[in-house]
């Protein structure tokens, strides 16, 4: 049981509030003798950092990571890796107006009812700022997996739907993803998304998104039956990300509409390799990886902090309304891409180690 | 870490193979002094039992539950409750033909590659027969929640989409659900579903489904931030059910298409009660229950065991094909309804106890 | 968190009451492809079985084990192994007199106060009968370790002190242990122990004991720093056995009286082998195995069920007295030997798998 | 499974090496709305701090604690509490001589063999410096327990044996303990201990100790049967402390020498209170607290870093010898007192919360 820890063997515990002195995490169970530099973590964090384009929050955080333990002479030692990011651009005055009001769509109401106290500044612990810690932990998992699985291993995420505008995933191009502010994998729709999101922002509104993460170079056999299924832990990982409301593996929700013969992926042997004619399973059968690409997608709801006025109550139970000013992302889904990648890296490493334990 | 255990405080461990002597589970962490009779469990199991209509497997199991421990003079004692169901109608000869072939869409391939050995009879541990144990554990969770939360508490599930045919969830009627073989909540579509599923079965094919589970009478405050979110554990629970490929909470996947003002549920106070204008959140904000109805839906892929011939390989790597005979459900999604209810009951009780631990 | 589960990767969950229909356990996380027969488990159980000599309880249980799952064609499949022992010689009438009285030294009082209900028959869940499940789980762990560590691996336990009479552990002889009813390793003291224990029993009293367990053929590197220390888990395992009140590793409690130079084991290399001049560490340094023999001892308090009259209260709070009749061991410590061996086997396998996960 | 986390509901994860930039811990599962100031933690840390008398290490650390999260306006919020202590007086040059040699009695050998790498500076992660984090976590547990259990609750530890010199525990006096540098509870022996320890130090040697911790004001019902026994978790907690080799509950190891009537504590009712005639059980029966004083003692081996020359090998396998210079405690057991108190506070709070979850 662990409120703020994720993982079973490779585990990380995050801590910190949006407007406290710092945030961070402790990564435990990392194999020893893996080369890790602060820069390896920093470069992943930079993907998630706010203030990088006009489409994300204008909060200016350089999100500079520091390693406090667990690395000796550039290598992991098998002991816990403590990571810290000091908070900088905290404009707490922005939040005074919402000190007593519950923002619709946010956890203000539930936190206060549950705990009887909450750090309202910037959303406190609810803030998506916590996801920086996940990205840092994910950067470590990625380095370990690269070391253990070799060059074929990679995890790549993208936004495949922005509000009402889906992209064509058949045009997925890894190289495009990092070159546009939307992590869009389909070059042909970028311009349209740009216009759309600008209009959303201009209207003081926000939109949702669908993110898809793909993992390649995964061996067959990761995951375990029944209650340690790989897809179960992936669903759990993605649903733990702020604002995520749905998760699909492979054909996902759409598989409900398929017939048995449309859905089940045929198997064949070509040379010495086992292949599949399709990948509706998303690379997972019976909770265990098939060796195919692992495909997971998740839906992020629209940013709840919007300029448009919404009815709500204050903490004294009085009916009122709220219009949330401040530096908010018009689509929080965009910055969820590196977070989803990080979580998938962590789940995969965790299952890699679990598989080694029982079947290695 | 636990391959075959679900839950944190209220935990159950399942065991058993489809064609072994028995299946069962051990339920741990159950509060003491709760009245539980075998019949309370049996009546839940009867909902899931095969052979009840022409739309489910014709395997004849009476699924008779026996309580072996943890109940004394009709009450729980706080010690582990061991439950057992002896297997009866095991026609192992049905499975001789698939002993060496991997059924597409099944975990035959991944189990053998992972473990180097597998009990192929009836799918062994992969078989959905394991879900009987979940339903038994869920029956106990339900009794405890009824005791702790009172009369308003209830969990009700239904099939809301059968293959390509969705029902109208606005017409949801609890009473209808138990009166038709599809657990359909919308009376107007039952006839159509009947025709549709008969045609699917006749063609030797199968179809997927979407199941929706609703929980009422849940207090505000269940769930915990970050990595013990209520929706995270619900997603994990549902994804652990055989053949599930996607999970949504509230508006779920659809929330990606909404704007901020469409999605966030407005709050108001009426009399002394806090109310919401809508429930896109599915009763969960920031991982914590709001006091609204909790709404979860999940997609079940079409049954992979179909008569239609599919390409595959055998365990020696030779290309071949397979047509799976036997007593299979044309839509496994239907029997997933009581399983989803059971899993939700278990997650809710677990979080009820967790909340009591930290905040009670 | 788990009330009735022991272990991290190799885990077992026990269930059952002394006078319920059966007891048993579910073993999870067992590596696949290990040969295990019912007889392998039965032969370990036979060591613990009551009624084998006049020095142990006269309850007649044949303790016949049945495997219900997880083994296919004689081999483990990696799925949970469910084991069951049906209770037979339950003379519940023996316990009617203690239905309402708290036996001093027993958990009658604490169970009732904690749970508000208890199965008093034969001690219910408190009964040492639960340890049969541990011995069964330990038999499986032993088979796996023999497979993984080879012929040098063995775990051997003995009683080294019976009441006030210690044996000479320098005369420890494995072969002697199984040939006397006390599991005594020192041939020269057996006769004396026999007289002593007969007199204890005759007087309606009981005595305590110290048990020592040794594990050989353990590689260096099992265990992990800080909160997964091998000795921490061994202490926990032994303290979980009924009536155990103290645990020592190596020199143990006596190390308090040593000086630094007396205590620390000098290291030297001979040929290509690393050796130690002594083994005060009991084979564990910093929570990690050194490759030496692992030595653990634990103290078992005298049987609390004695004929001699003791003051107590009944459940209504009235002062009274009790004299416990029935079939009790004059020294429960004797039957704790196979239980201690089983627990050590389980801890060692668990750490073997954990080490493989992170450092394998 | 967790290498560096202790606890089940109230959990803390420690990190940091002796000569890294900082050490610290993350405390999770803490109930909300508890008043905690940095000073509450600091005052506990000051008890453990080195350099306070000539009988402990002369390393000068002010061990200044900083709270980085989880406390808002002086109160816990239910979110993780991150604590950090920056390292200051690190004389890494002291350790250059032991870079390649394994110190007998230390974990140098086992860490290197296990991980293939180790931070040798000051013992790295093996260093007892890690225990400062435990004391900090324990200070939080103490504040919560004081809030929940009221004024009668207190945990007090003392050294009851220094090397070969035991004190008279019948003379135990809480007030004496904090007034002497040995945490000795028996005024009459302090002078003798002083002479003894000075002679030990002068000779370049060291000695072991026995520490006893007592907890008062504990309600009946904490702990749970079988594998969540209170004494099991206490044994585990104490054995996790550096250099601890044995743990006793109540009469502990000595209970082996008692008869049944000497050992079992008689119960009687006086007025409306349930009392016991003795406390050989150490306040725990069947793993559950009786409401009596909880008494645990543990043996700490003598400091392994001594001036006296000891045989060892270097990491290349060459036979050599070592004499460890530096600022070492002649008896590490003394500083284990506040650590033992902290661990007991943590275990008790954890079980308090667990009990509330299942039986509250």
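Chains: A, B, C and D, in written order; residue numbering restarts at 1 for each.
Following the convention adopted for this analysis, a contact is a pair of C-beta atoms (placed from the backbone, for glycine too) under 8 Å apart; a residue touches a chain by one contact, two chains touch by 3 or more.
This is a predicted model, so every value here is computed, not measured.
By the document's definition of touch, common neighbours of chain A and chain B comprise C, D. Across the two candidate interfaces, B-C and B-D, the one carrying more C-beta contacts is B-C. For the pair chain C and chain D, the distance between mean C-alpha positions equals 26 Å. Averaged C-alpha coordinates put the centre of chain B at 39 Å from the centre of chain C.
Centroids built from CA atoms put chain D at 46 Å from chain B. Across the assembly, chain B contributes 1-5, 8-9, 14, 29, 32, 78-79, 114-116, 125, 225, 354, 358-359 as residues in contact with two or more other chains. Those residues of chain C that touch chain B in the shared complex are 1-5, 8-9, 11, 13-17, 20-24, 26, 28-29, 32-33, 66, 68-70, 72, 75-82, 84, 114-119, 124-125. Residues 1, 9, 29-32, 78-79, 225, 353-354, 356-360 of chain D touch chain B in their complex. Residues 1-6, 8-9, 14, 102-107, 109-111, 113-116, 125-126, 130, 161, 163-164, 200, 205-210, 220-221, 223-229, 231-236, 238-240, 242, 245-269, 272, 274, 277, 280-282, 285-291, 299-306, 308, 310-313, 317-319, 333, 354-355, 358-359 of chain B touch chain A in their complex.
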